[in-house]
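Supplied in structure tokens, the structure appears directly below.
Chain lettering (A, B, C, D, E and F) follows the sequence in which the chains are written, and residue indices restart at 1 in each chain.
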Amino acid sequence: MKIEAMSERRERGAAMLERVDGASGVQVVGTLAKSFPDFATYILEYPFGDIYSRPGLGLREREIATVAALTAMGNAAPQLRVHIDAALHVGCTPQEIVETVIQMSVYAGFPAALNGLAAVQEIFTKRGISLPLAA
Amino acid sequence: MKIEAMSERRERGAAMLERVDGASGVQVVGTLAKSFPDFATYILEYPFGDIYSRPGLGLREREIATVAALTAMGNAAPQLRVHIDAALHVGCTPQEIVETVIQMSVYAGFPAALNGLAAVQEIFTKRGISLPLAA
Amino acid sequence: MKIEAMSERRERGAAMLERVDGASGVQVVGTLAKSFPDFATYILEYPFGDIYSRPGLGLREREIATVAALTAMGNAAPQLRVHIDAALHVGCTPQEIVETVIQMSVYAGFPAALNGLAAVQEIFTKRGISLPLAA
Amino acid sequence: MKIEAMSERRERGAAMLERVDGASGVQVVGTLAKSFPDFATYILEYPFGDIYSRPGLGLREREIATVAALTAMGNAAPQLRVHIDAALHVGCTPQEIVETVIQMSVYAGFPAALNGLAAVQEIFTKRGISLPLAA
Amino acid sequence: MKIEAMSERRERGAAMLERVDGASGVQVVGTLAKSFPDFATYILEYPFGDIYSRPGLGLREREIATVAALTAMGNAAPQLRVHIDAALHVGCTPQEIVETVIQMSVYAGFPAALNGLAAVQEIFTKRGISLPLAA
Amino acid sequence: MKIEAMSERRERGAAMLERVDGASGVQVVGTLAKSFPDFATYILEYPFGDIYSRPGLGLREREIATVAALTAMGNAAPQLRVHIDAALHVGCTPQEIVETVIQMSVYAGFPAALNGLAAVQEIFTKRGISLPLAA
């Protein structure tokens, strides 16, 4: 890792946040910053400036991993919705997202998958993606 | 879904298990079948015969999702090791696996990622993959 | 396990779903099927067609096990409500359900039990079961 | 431990509940007692009469521990809100509470911390504590 | 609840512990008492003296609930083994225990069920119960 | 937050790691760095350089929060042991640590507390702290 000014890292994180989540991600962090500015900065810096900016795993794969984890953990519904949106934004197909969530029935049980599909339905409806997907 | 005999589904699952996990996966399920034959059958049928056999998400992506979920949940070390092995078997690069596990520090905390990396190290050592990976 | 057509398993699952959850369970799966038809089918097939249809454990005990697990996990409120209803439907007494949930304070902590009791209260109110139960 | 009448323990618990949670805690348990009187009694007895009444750890530290645990577990939002309120009531500074929740990003991930901060914001708003806190 | 001396509750708990877990349970709590005497007392008092002593749910059902919850949570292997043993001790059939654990694949995923079955195998082997169970 | 060079943050993190965990913490991260150098750096930077270095919560309170969270989550035994050690290192009394772990029986159940006490016993034995603690 090269030595860099903190501000570089934060700017890289802000750019990555927008690339991953689009305008809605920027808005969420902006709202957070009004009440908890340091934590908003950490979110730019560590998840986006450090982790998502790393080479070696594509953004599509990163979002599949995150949707899988949040569906399986089952205790972070707001963040799951954000990352279903982000997955679409970085180019995952609707079908890839549905498959990822359904697969979690194997690893975390059917209720986790069902609640994940409820989040999928909510985001797909907002984005005008019709369900059921064509086979 | 077409109507099919159960035996088709089980055979498809057995073939998929071998494709995903190789000989070691077949052996694990074979050992399980000696004590809990019905549950061994269910594993062939549902996760492998039904879920992994679905189109719409590649096997590489399926294993990234599973490694992510099991790292994040943090309570299934034996299965995480199996799926790190499976991820390599279906063509994930060592770097993709390491990146997936490191990313879980964001969603499930640093201890989950650390314990995931311990599993990675164990499997990579067995497979002769040197760590650290070349940058 | 005998070899059977898939359709037999699905029909057995649909019948078991109705036996366990009554009309409301059938409706929930019907609604799910409109958006995610394959996953609705899996729910008929694996949990109901395979697992609940197995001999060796009564339906009352199966529902006690499920109410216990969902209360303890604490991240699947909609499914917990469905299974409190199902427990009543297969013949658990209101007291058995309350006892199961209270017992989870030992294994998963008082907040999990409290949130489980909130679900109990919601379902009991809908079904006209007065609380507190007579001692 | 000395031998004591159960009623002593219950009274000690009731007094401790009020000391820790104030009038709102007493009200919550009172409401619970209308539907589940035995469980309301257990809450007075074990958490408050036994555990919080023990010497060797201050009430401020006990509430920091509880806020940390409930934020990390992420599946008990109502109880987390009660204990953010209780932490303020026993003398934790707003900053100590925010720091405890932010620290959970390390151990349970950023979504757990974010959802914890949402609970902080809700309670702080009710209590008239302005956010962001002055640095 | 009647007013009673604490010592009554503790003795009732000790008797219930022996009834549920047999000599091995008494020994586990005895060992714990050497290092953490107060917590050993709490275990006699609350889980056994209060909860398991309540009417309204049979001991077989209580152990099915506990085996289900501990299998589903997946982070308490030593206690799961104790309760598989206890389930046998209070009269659950080996098949009822295996069914309870297998059912958790639906609610908590296949890895949780697999790890639960490993605990079952360990306890059954110690007790001379042959696997697979006769169908 | 002032703009600073990354190297400052890393050095501050390394110093904080030593202050919190002592020589053993430095060694753990050093071993990790041989296989996963980037993740070892992140541990210095984010948990120690950013979070533990923040004002507004004392190191004793930070370790109580961490011991509480890791005991409650129950899926990170190696990290719990490290932080029991760290809690002693930053000046928590043995009794404060035992109390924190026992309190988790309320929020995460008795098995979580029992497994936490097993970790306490292991670390206390290594450090020559006799159990039971004098009342």
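In this section, a contact is a pair of C-beta atoms (placed from the backbone, for glycine too) under 8 Å apart; a residue touches a chain by one contact, two chains touch by 3 or more.
Everything numeric in this text was worked out from a predicted model, so none of it was measured.
Asks: Going by the touch criterion stated earlier, list every chain that contacts chain B and also contacts chain D.
Replies: Touching chain B and chain D alike, sorted by label: A, C, E, F.
Asks: Quick check on the interfaces: A-C is repeated by which of B-D, C-D or B-C, going by over half of contact pairs matching?
Replies: The chain pair with the recurring interface is C-D.
Asks: If you average the CA coordinates per chain, which chain's centre is most distant from that of chain E?
Replies: That would be chain A.
Asks: Report, in whole Å, the distance between the mean C-alpha point of chain B and the mean C-alpha point of chain E.
Replies: For chain B versus chain E, the centre distance works out to 31 Å.
Asks: Per the centroid of Cα atoms for each chain, what is the distance between chain C and chain E, given in Å?
Replies: Centres of chain C and chain E (C-alpha means) sit 22 Å apart.
Asks: Can you list the chain C residues in contact with two or more other chains?
Replies: In chain C, 38, 42, 46-47, 54, 70, 72-76, 79, 98, 102, 104-112 touch at least two other chains.
Asks: What does chain D use to touch chain F in their complex?
Replies: Per the stated touch rule, the residues are 46-47, 51-52, 54, 56-57, 60-62, 64-73, 76, 79, 93, 95-96, 98-100, 102-108.
Asks: For the complex, which residues does chain E have touching chain D?
Replies: Against chain D, the touching part of chain E is residues 1, 3-7, 9, 38, 41-42, 46, 50, 54.
Asks: Taking the touch rule as given, give the residues of chain F at its contact with chain E in the complex, in rising order.
Replies: Listed in rising order, the residues are 73-75, 98, 102, 105, 109-115, 117, 121, 131-132.
Asks: Which stretch or stretches of chain B touch chain E in the complex?
Replies: Result: residues 32, 34-39, 42-43, 46-47, 70, 73-76, 78-79 of chain B touch chain E.
Asks: Could you list, by residue number, the parts of chain E that touch chain A in their complex?
Replies: 72, 104-112
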